[in-house]
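Labels for the chains are A, B, C and D, by order of writing; each one numbers its residues from 1.
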Amino acid sequence: MIQTKIRVHKKLPKLNDPVFVEGLPGVGNVGRIAAGYLAEQLGAKEFAELFSPHFLPFVLLHQSSAVHVLKNEFYYWKGGKKGQRDLIILIGDSQSIDPVGHYEIVETVLDFIEKLGVKEIITIAGLNVGKLEKNPKVIGAVSEPGVMKDYKGYGIDFDAGSRIGTIVGASGLFIGLGRYRGMRGICLLGETSGFPIIPDPKSAEAVLKALTKILGVNIDMSKLGDKVKEMENFMKKIQGVQQRAIQQFLAQQTGKPKESKEDLKYIG
Amino acid sequence: MIQTKIRVHKKLPKLNDPVFVEGLPGVGNVGRIAAGYLAEQLGAKEFAELFSPHFLPFVLLHQSSAVHVLKNEFYYWKGGKKGQRDLIILIGDSQSIDPVGHYEIVETVLDFIEKLGVKEIITIAGLNVGKLEKNPKVIGAVSEPGVMKDYKGYGIDFDAGSRIGTIVGASGLFIGLGRYRGMRGICLLGETSGFPIIPDPKSAEAVLKALTKILGVNIDMSKLGDKVKEMENFMKKIQGVQQRAIQQFLAQQTGKPKESKEDLKYIG
Amino acid sequence: MIQTKIRVHKKLPKLNDPVFVEGLPGVGNVGRIAAGYLAEQLGAKEFAELFSPHFLPFVLLHQSSAVHVLKNEFYYWKGGKKGQRDLIILIGDSQSIDPVGHYEIVETVLDFIEKLGVKEIITIAGLNVGKLEKNPKVIGAVSEPGVMKDYKGYGIDFDAGSRIGTIVGASGLFIGLGRYRGMRGICLLGETSGFPIIPDPKSAEAVLKALTKILGVNIDMSKLGDKVKEMENFMKKIQGVQQRAIQQFLAQQTGKPKESKEDLKYIG
Amino acid sequence: MIQTKIRVHKKLPKLNDPVFVEGLPGVGNVGRIAAGYLAEQLGAKEFAELFSPHFLPFVLLHQSSAVHVLKNEFYYWKGGKKGQRDLIILIGDSQSIDPVGHYEIVETVLDFIEKLGVKEIITIAGLNVGKLEKNPKVIGAVSEPGVMKDYKGYGIDFDAGSRIGTIVGASGLFIGLGRYRGMRGICLLGETSGFPIIPDPKSAEAVLKALTKILGVNIDMSKLGDKVKEMENFMKKIQGVQQRAIQQFLAQQTGKPKESKEDLKYIG
C-alpha cells in the first residue's frame, strides 16, 4: 500500500518545545506566502520532506531542466532571544487532491511532529470575503475555547464563529485533530478575495504581522512584494500545469485531444 | 493506511445486554433528530467518538471560535426501571462521502458494539414519499423475517417490502451486516418529503413514539420543536458548508473562482 | 482496511477436481440468468457468500420486510454420472462499482477456489451486438490459445478475436488472471442487444445449451422463461434502486432534491 | 488489500550495472513505440510482468481468441560490445487510470529495479507542441542539474525548463522519485502533435536516435514504419475499447444504453 511518507534528510533536529507553523497552498495562497516568507527571513533550515500519492502524479520542470516531484517541506529554526521559541515550519507545493488524502497527510504529519515534541500548532489560511480588502483583517479559530486567551493582544478577530462556517483542508484539520493529541492550536485566517490562483500579499502581510508578534520574532517585511511576485510565477506554474494535467488526464481517458486555447505546452 | 477510528473517552461503560440505536444524518434528518433528542432527554452520556477519513476534510466553526472536526458520537444510558434495557446511541455530523467508507464505518462500529455485548440494533432513517405527510407513518424493515414479531404492537407498518426498494447508507447496512454477527435488528423509517436539507420534526416525532414504546422509556416531547430548530440551524450550516466546500474543492482543482450567488464566506 | 470477504456457511465441501462456473450481472444479464438457472435446476447448494465494500452501500428490501445486503453466492454440486464433474457456481446481485474493486473481488475469489482445487474456469457474459438476434450465437474467448481445442464440438464460435475487442469486468478477469495460477478457462459470450437493464433469456438459453454439453449435464429448459421473468423483476429492482441510490447519493452531496419523474419511493 | 504486483517468469537475470529504459503509452505513444522497437530490435528477453488494480478492469481479445490482461512487461538485454551496458526495458499496455495508482506503480517498479542494481534511468515520453513537426526535437529533463552534462553531445535540447511545465505520469515520476534512491535519470521527450490516440513514428524515431547513441547500440531503423502501423492497430484497439469500456461502465451505473455511433462490438 502506497502511503504518505516523510523523509528526514540526515537526522532530526533537537528542539525545545517547538511551535509548529503550517502554510500550504489554498485560498489566495495566504498560508503558503506567509509561512514561506517567514522561513526564508528567519533562515530556517529544511530537515525533512513529505511525499504523498495524494498529490497529482506529475513532476514540475525547473529552469535548470531538472524535475521536481510535488512535495511538502519541513524547516526548523531555533529561537535564541528571550520570548522566542523553536519553530517547525511546514510549506510545500500542494495539498491532497482527494478527501481521504487530507486526513492521511495531516495524521502523518501529526505523528511526526508529536515525536518532535510539538504541543502548539499555528496554521495559516485565507478567508474568502469575496472582494479585495484594503486592510484585510486576521481572523482566529482555535482548537478549544480556552485557547483563545493565549492569543489575545495580537489584533486577531475572534468573532469568526458567527460569520464563517468551515475551514477546508489541512489548516483546519491540523488544529481540529491535533487537539486529540493534547496540542493547542490556532488557525490565522487572512481576509482575501478568494481567487485561489491569485496570491494575496496584503492578506499574507496582515497575517505575518500577527504571527511574528505571537512568535516574538522580527522580520524585514520590505522584500515581501518581490517574494510574492516570485512565488506568484511559481504558483501560477503549478496551478496552470495542474489544470492542464487534469485536462490531459481526461483526454487520455476519453481519447479526445484537449481543447485548450492556451499555447502552453505540456508533456505526457 | 488512514482508517476510521473510535476513540474512547476514559473507559468503556459496563452495560447489560444493551440495545444499539443509530440515528445519523440522511433524508429529512429523521434519524439524527430522533436519536439526538432521545439521547438528550434521557440524559445519556457520551463515552466515545468516531473519526473517519471518509468524512469531508474540513472543520466546522462554533460560535466560540473553536473548531470541530466532523465526527460521530457514542452515548450510553442505563435503564433503571422494569422493562428498560441499557442503550448505546450513535449520533453525529455526517455519514461517509464515498461508497467504500459506508462499509468501513459500519464494520468498525459493529466490531466495537459487538465487544460491548450488543445483540439488538435499532436504526432510524427517513423514507422519501415525495410530499409532506400530515400523519407520517413509521415503516419497519428487519434483519430477518422472524424478527418482525418482536416489534408487533408498536404501530409499525411492515408492508414496506412491497412498496420500497432500498435503504441507502448506514441505517440499512447496520441491520444488513449485523445479522451476520448474530444481531437482530430493525430499521424504523419515518415518512418524509425527501428533501435532505430540511429536517422533518413530524416524521422524527412519529418514529420517537414507536421507539420509546419499544424501549419502555418516557420522554417529554414538548421540546422537540425547539430542539429541531436548533438542530436545523446546525445541520443547515453543515450541509451549506458541505456544498460550498465541494464547490471550493472543485474550484481549487480547476483554478476557477466559484460562481456562488450566496454571500456566505468560507475559508481554505 | 475494509476488504472483500468470503464467509463460509459451515464447512467447505469436499470436491473432486471441480469446474468453476461464474455468472454475475452484466450486459443483458446473460451470465446471471444462465448460471442462476443452472444452479437451481441442478439443485446446487449454497456454501459461502462474498461481501465487498466495492458493492453499492445499500440494502434491498424483500417482500418479507427483511433486508438483504448486496452479495455474491457460491454454490456447489457433485456430479454423479459418467463424464460429469463437480461444480462450483458463483452468482450474485452485483459486480464492483469501481475499477479497483473488480481486481480485488476476482483475486479474492481466485484465492478461494484455488484452495478448493479449481483448475478450470467457465465464465458467462453477454456480448453486445447492438440488436436482438433471433438465433444468438455463443462466442468463446479462452485463457490461452491451446485451450480452444478442449471446447471444440459444442457450437462455440471462436472467431471472436477478429470482431470484438474486450471483455469488461469479472468474466474477463477470471480467465485472464486465473491463467497465472495454472487455471485453464473459457468465457462463453451470448450475443445480446446490449441493454444492461433488459435480461435476455434467448441469449442465456443459447449459452446454457453449450454449457450443459460441456458439463455433461441435462437440465429442463422449460422453466427458463418463467425464471427469467422472476429474475427480471428482481434485477430491475436492483438496477432501478441502484440508479435512484446514485441520484440520492448525489443529492446528499449537493443538497438538491432529486429530479425524478418516477413515483417510486426510496429511503435514506 | 489488492496491490500492484510484479511476477518474475523464472529467475531474475544477473545484470551488470543495468540502465533502466521506460516507454509506456502516453502522448503520441512516443515512449511505447521507441522502447518497444528498441527491445524488439535488440532481441531483449521478457523476464517479468507487472499487474495492477489501477489498470482498467478488462481483458483484450487477441486474434487467437485468447484473452490478455492489461499489464506491463520487463525485458533485459546484456550489452556485449565496448561501451554497451546491460539494459532493463519496461513497456506495456497501459498506465494507471487514477492518480494514486501512478505513484503505486512507479514505487513498485523502483523497489524492483533497485534490487536489480539500477542506478540510471532513461524514460521516454511525448511532448505536445500542438502541431506535427517535420523534424521533431528531443528535449531532455533530468533528475538533478548535475546530471545534464552526462547527456551532452547527443543532440538533446536542454532548454526545456523555460518552455514546458510538467511531465505527467510514470515518465516524470520515475526520474523524480528515483533520485531519492540515488538513481540518476533523464526523460527524453519527443516533440509531437499531442493527440494521444495517434502514434507518432517520427517523434519516436528522433528519440530512438538519441537513445541508441546514449546506449552505444546500433539498430535497424528501416522497420520502424511497419512496426508503428502494427502497434497503431494494437494501441487503437486498446484505446478504442478503453473508451467503450468507460462508456459501458457509465452505462451500467446509470442503466442507460451507450450512445455510440460506432458499430464496433463490446462485451460485458
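Here is the rule we go by: a residue touches a chain if its C-beta (ideal position, glycine included) is under 8 Å from a C-beta of that chain, and two chains touch if they have at least 3 such contacts.
Treat the numbers as computed from the prediction; the structure is a model and nothing was measured.
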Interface numbering overlap (same over half, different under half) for chain A and chain B: different
Equivalent-chain rotation between chain D and chain A, CA atoms, steps of 5 degrees: 90
Farthest chain relative to chain D (centres taken as mean CA coordinates): B
Between chain C and chain D, centroid-to-centroid distance (C-alpha), Å: 35
Mean-CA-position distance for chain D and chain B (Å): 49
Sites on chain C at which at least two other chains make contact: 1, 97, 240
In the complex with chain A, residue positions of chain B that touch it: 1-2, 7, 51-54, 56-69, 97-98, 237, 240-241, 244-245, 248-249, 251-255, 257-258, 263-268
Complex contacts: residues of chain C adjacent to chain D: 1, 3, 26-28, 96-97, 99-100, 102-104, 107, 125-130, 140-145, 147-148, 158-169, 171-173, 175-177, 180, 187, 189, 194-197, 239-240, 242-243, 246
